[in-house]
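What follows is a pair of complexes built around subunit A, which joins subunit B in one and subunit C in the other.
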Partner chain A sequence: MRLPSLRAVGTEAKLLLIGIPVLIWTMLPLYHMFLFSISPKDSAFSGKLWPDHPTLHNFEVVLKQQHYYLSHFWLQLWNSLLIAVATGVFTLLIATFAAFAISRLRVKCGRLVMNLALFTYFIPAAFLAVPMYRTMGSYGLLNSQWALTLAMVTIATPYSIWVLKQSSDQLPVELDEAAIMDGASPMQLFWLVYIPLMAPALVAVGTYALLLAWNEYLYAFLLLSKDTSVTLPVGLGNFLAADDSPWELLMTTGLIYALPPAAIYYTFKRYMVSGLTAGAVKS
Partner chain B sequence: MSSTLALPESGAAVQARSARLTPWQAWGLILIVPYMLIFLLFVVYPVGYGFWIARHPHSYVQLVEDPIFVRSAINTLMFLVVGINIKMMIALMLSGFFVQARGWIKWLSVIFILPWAVPSIPTILSVRFMLNPEWGLVNSLIFRLTGEDGPNWLNDPTIALSMAIAVHIWKSLPFWTLILIAGRLAIPADLYESASVDGATNMQKFRYVTWPSLRTLYLTSTILSMIWTLGDFNSVYLLTGGGPADMTHVLATLGIRYLRLDQVDMSMAAIVCALPFVLPLVYFMMKRLAK
Partner chain C sequence: MNDFTRRTLLQGGTALAAAGALTGPALFDFAKAWAQTAPWKAEKDAKLTLMRWKRFVPAEDAAFNEMVAAFKAATGTDMNVFSESFEDVQPKASVAANTGSGLDLAWGLHTLPQLFPTQVLMMNDVADYLGKKYGGWTDAAAATCKQGNNWLGIPVATIGGYLNYRKSAVDKAGFKEFPKDFPGFLEMCKALKANNTPAGFALGHASGDANSWLHWVLWGHGAYTVDKDDKVIINSPETMKALEYCKALSDTFIPGVASWNDSSNNKAFLAGELYCTGNGISIYVAAKDDPTKKDLAEDTYHALWPVGPVGHPTELQLCVPILAFKFTKYPNAAKAFIAFMLEKENFDKWLTGARGYLTHTLNAYDASPVWTADPKNYVFSQASKRALPASGIGTPGEKAATAIADFLVVDMFANYCTGREDAKGAIAIAERQLKRIYR
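Showing the complex of A and B:
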């Protein structure tokens, strides 16, 4: 009777030997950020794993914009939100229209459009950044928040169309046939049948586009430059301009900035995992 | 019943289509226009513009003569060949760990996703501070434990690049582990059961059951990860800024460096030089996904 339990303990110990390093590796940068945010300025650099006098003072400074680097905190947070929501909405509209046309209406050039979209998806976004910057310049959109929104929609739509087409292809053909029998127009089919059935995939795609735009740094700092129009990540990057930057405030702001996407991710995890990871690499 | 009904109707539809657009085709074209507009304005035009900027042969001569470009190309290769393979191997092992049915492993997997769920900017900056040679947490701990000064992490090109790769792995490991977990869960359980009955060891189970089923997924994931990593700007730019002495740039950050120096032609030329390596990978992925 004792032998199997000993073996079970051995297995458990082996698993813990993997689990504990994984936990430390995962949490270290995040805990470090949290540690800074609750440390008073003078003790942030002491190298201790828990501050002697934990404080919420940093959060107060950030939320009341009491530092030079943070003078537009709320505005930049709002810019981030605005651009993320706009990107989500536009991506959803454009990608759903396209996926519906390709998958359900079987538009003639559908295959070609799908391939063009996939090709765009596989071009690393950083490669497109410089030409996109020049392009926005020649359209006269530089420093306008439209530039960032449109760039993010451009980057988010290809994958969104692909995911939506994949789930759309799984809807039964009888659906369209029944709709035609009942004399439904294509747009009635779209709004009354297609959209409700596609809801889970739409949530996944909308969340994907929203988070993509919220998290974007490269395009944001290229396309926007005014302190009042940039998004929060650009504001965070500006902290690096000086050597004596208030790290504890930067980490506090970073923590505040990181919370909404984490919350959204965990809320929609069900949709994200089924919609995105299963779709990302189907074997 | 429905098939006999559908046949003459689809025949009529073909006739109608040859005469004029059916409302379905017309609506299809209308609905596809928004995406095509985006594609033309923000993909075709910039790409064409990029090639036009990079049209002068002397940009390429200048580029090849620039030691920073050569260094960036090597760094990018290191990132892809070493970094991605290490990452995928760890992901493969961890996926085996996370499919174990334990309550605490389920909780750990929820925490494990965090790096993927949070934005990379604050976490990379957090690592950057952690590695600061004088004040950083890592060197403080090294000093307290050993009494000696830790390495000057971000001031040595090799260590700095390794740290950028580590940051990249930290950020994207959860995603690929998740993919491989999905792959493992799709393997029928009775394969493992019959292997156990035959007395297979864990190693043999992996060799003869797991790996043959996961191989294609693993290869696809590796290639997709390579393509994506080419565009990983944040890991390098926010951790090292390309420094010390522009020794840790990768192609994604090099373009921005040339843009800052007002050498847009070099920036575009560097990307054009990468295309012969990127396009075959892209072609491979499109063949796999466009079915």
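Showing the complex of A and C:
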């Protein structure tokens, strides 16, 4: 067996020197959150690396809604799920049609639409929060889950159109021509040729929109108000209302809330990488 | 913080019964009769959206909800009530004020109505009606809500913070009664430390606890951030004396106070490590509600903040004013609701439900049953009377609120007490920051 060269060892060592601190930096807050979640209330702030008496009691309290602040835990989790899924579905629907029309049907002004889609990202989403609040107020949608869903779709759609358009540009145009020669209508072209070939990008974009809505705080805080209609991140904010906040329950709830996106990401990781980078480099 | 359990519900219900408060059908009958004679008749099909701060006592929440239901039944006003944490009330109210939509009523903290004086409905008639009927408003509450002669909001209550101490430790330190002046208080803290039963007050960014006790030290020495014309006057001999006093006090504290937040002293006191601190009634209530802390609850007492060299009380207490936006379509309903809240038949019950967390701002409620139901509650009845507005002697408003929110006074004391700066340096930093706010 050939021994690695000194240069290769040096490169590996440099990577480790960077990688290990980055790993610790990333994992430390997560570990801290986990540590709180398995610590009894009295020892949550003990500063130990592992609690003397680890417990799952906090999970029981959260899942059974046994604390005052958690009385709507399942409902708020459901609200998060509903809004995230609705955002994913609506974003996919709009972005797919738009990308198909621009890329495959080559509608007039398609390029302008693409540029406008990109332009929206020049304005940070936070700047649009107050105008969005006013708009939703004008339509009587404040404190309705439609308000947050529509706001999230508005934010997610431009990027999704851009990604899907780039991705669909990669598909050979000959496929469309062959289908048209066989008498396919634009809708048949869309359903029977375009959608199956775009599956990886669609999964990626759908996941992106879903996670965007799942993790949203600012818009959820502004547009939703009642305990029964807010999403869980906003509900978690209420934990900080007291001068003796139950941090161990806050962290436990946070940990539970972080699990679905992690599962979704790792399930669709393959599609996320290939879908979101499709078209990034011209072949 | 308490879990919302059957036990706490029963406790709340028992307390309300003891208070002789109206409940159920009697409350509805009162509400209907009140609506017939009230100076404000709710508009037909009125709908009010009210944002309030997040309740921290379930019984207070229950009493408030019952009051809302009675008002709704009596006036036909559709009430949409939701709550936000303290920190979130102001931004959401600001968005509503600036967009002219979303809320009719906002119930927040400190000087909230002063932040958008042109966007609020004047409450002069409501303040006049309630003031005349219930013995007048406390000075601090009135100053918090008034601009000139106009009432921008109604100061519903004050969240009081006072000294929580272990009587056994104070007795052992040789003090038969809690000191009433600054030198006596310092001597007591020294004695507590000598007995290994230390006091401790937050020097970190604890919004409620640190701001309240350090403003008390500052104002007690006759020092203020700004004068009545809002000119920055922090750089004064009085401030220097306040710093020296605070340094001497902090030398007696339990270690770690420089990093304390609002929950730190609660935890330390309930864990039996801390024997005197400044806090709301929450420590005592938490101890009372925990069967394992019966002895600690019995040994816990409350005291007024001692009076400083200026010779009169100088306390910073947290006012909770309510305002109505002028863009509301239902101004009469909004005014009627606010007046209804503070009527004796509702307010006594609500105060009782709050278990001492909340203090009245109308003088007639000195006689409210909550202050005698448990003698240890009484101290908190003084919160609004002994307080100065959040601006001290300056103008209540956004600038004063910013100075508090940015912990300028807290940091000045912390910088000196922890040795990060000398006294002149600590004052200079605060002065520079204050001038930036008040320019």
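What we mean here is this: the second predicted complex is superposed on the first by the 256 of 283 C-alpha atoms of A that agree within 3 Å, B and C clash if a C-alpha of one lies under 4 Å from a C-alpha of the other, contacts with A are read in each partner's own complex, and residues count from 1 in each chain.
Basically, a residue touches a chain if its C-beta (ideal position, glycine included) is under 8 Å from a C-beta of that chain, and two chains touch if they have at least 3 such contacts.
Since this is a predicted model, take the numbers as computed values, not measurements.
Look at where subunit B and subunit C land on subunit A after superposing the complexes, then choose clash or fit.
Once subunit A is superposed (C-alpha atoms), there is a clash between subunit B and subunit C.
Of the partners subunit B and subunit C, which touch A:Y266 in the superposed model: first, second, both, neither?
first
Touch test for A:K108: subunit B only (first), subunit C only (second), both, or neither?
first
Given the touch rule stated above, what does A:L116 touch, subunit B (first), subunit C (second), both, or neither?
first
Given the touch rule stated above, what does A:K226 touch, subunit B (first), subunit C (second), both, or neither?
Only subunit C; A:K226 stays clear of subunit B.
In the superposed model, which partner reaches more residues of subunit A, subunit B or subunit C?
After superposing on chain A, more of subunit A is contacted by B.
Check whether A:L28 is in contact with subunit B, with subunit C, with both or with neither, and answer first, second, both or neither.
It touches subunit B, and subunit C stays clear.
Pick one for A:R134: touches subunit B only (first), subunit C only (second), both, or neither.
Both: A:R134 reaches subunit B and subunit C.
Based on the superposed arrangement, let me know which partner A:A126 touches: subunit B (first), subunit C (second), both, or neither?
The first partner, subunit B, only.
State whether A:A241 touches subunit B only (first), subunit C only (second), both chains, or neither.
A:A241 contacts subunit C only, not subunit B.
Running through the overlay: 95-103, 275-283 or 329-337 are the candidate stretches of subunit C; which one clashes with subunit B?
Only 95-103 shows clashing C-alpha atoms.
Where on subunit A do subunit B and subunit C both make contact?
After superposing on chain A, subunit A residues 45, 129-130, 133-134, 138, 222, 237, 240 contact both subunit B and subunit C.
Would you pull the subunit A residues touching subunit C in the complex into a rising list?
42, 45, 66-69, 71, 129-130, 133-134, 137-138, 142-143, 221-222, 225-227, 237-238, 240-246
Write out the stretch or stretches of subunit C touching subunit A in their complex.
Those in contact with subunit A are residues 1-4, 51, 53-54, 56, 58, 80, 82-88, 92, 95, 98-102, 208-209, 262-263, 266-267, 271, 279-280, 282, 286.
Using the touch definition from the top, list the residues of subunit B that touch subunit A in their complex.
Touch residues, subunit B against subunit A: 2, 6, 23-25, 27-29, 31-32, 34-36, 38-39, 41-43, 45-47, 49-50, 53, 94, 97, 100, 102, 104-105, 108, 110-123, 125-127, 129-130, 135-137, 139-141, 143-144, 170, 174-175, 178-179, 182-183, 216-217, 220-221, 224, 227-228, 230-234, 237-238, 241, 251-253, 255-256, 259, 264, 267-268, 271, 274, 278, 281-282, 285-286, 289-290.
Using the touch rule from the top, collect the residues of subunit A that touch subunit B in their complex.
15, 18-19, 22-23, 25-30, 32-33, 35-36, 45-47, 93-95, 97-98, 100-102, 105-110, 113-120, 122-135, 138-139, 150-151, 153-154, 157, 161-162, 174, 177, 185-187, 190, 214-215, 217-218, 222, 233, 236-237, 239-240, 247, 250-251, 253-255, 257-258, 261-262, 265-266, 269, 273, 277-278, 280-283
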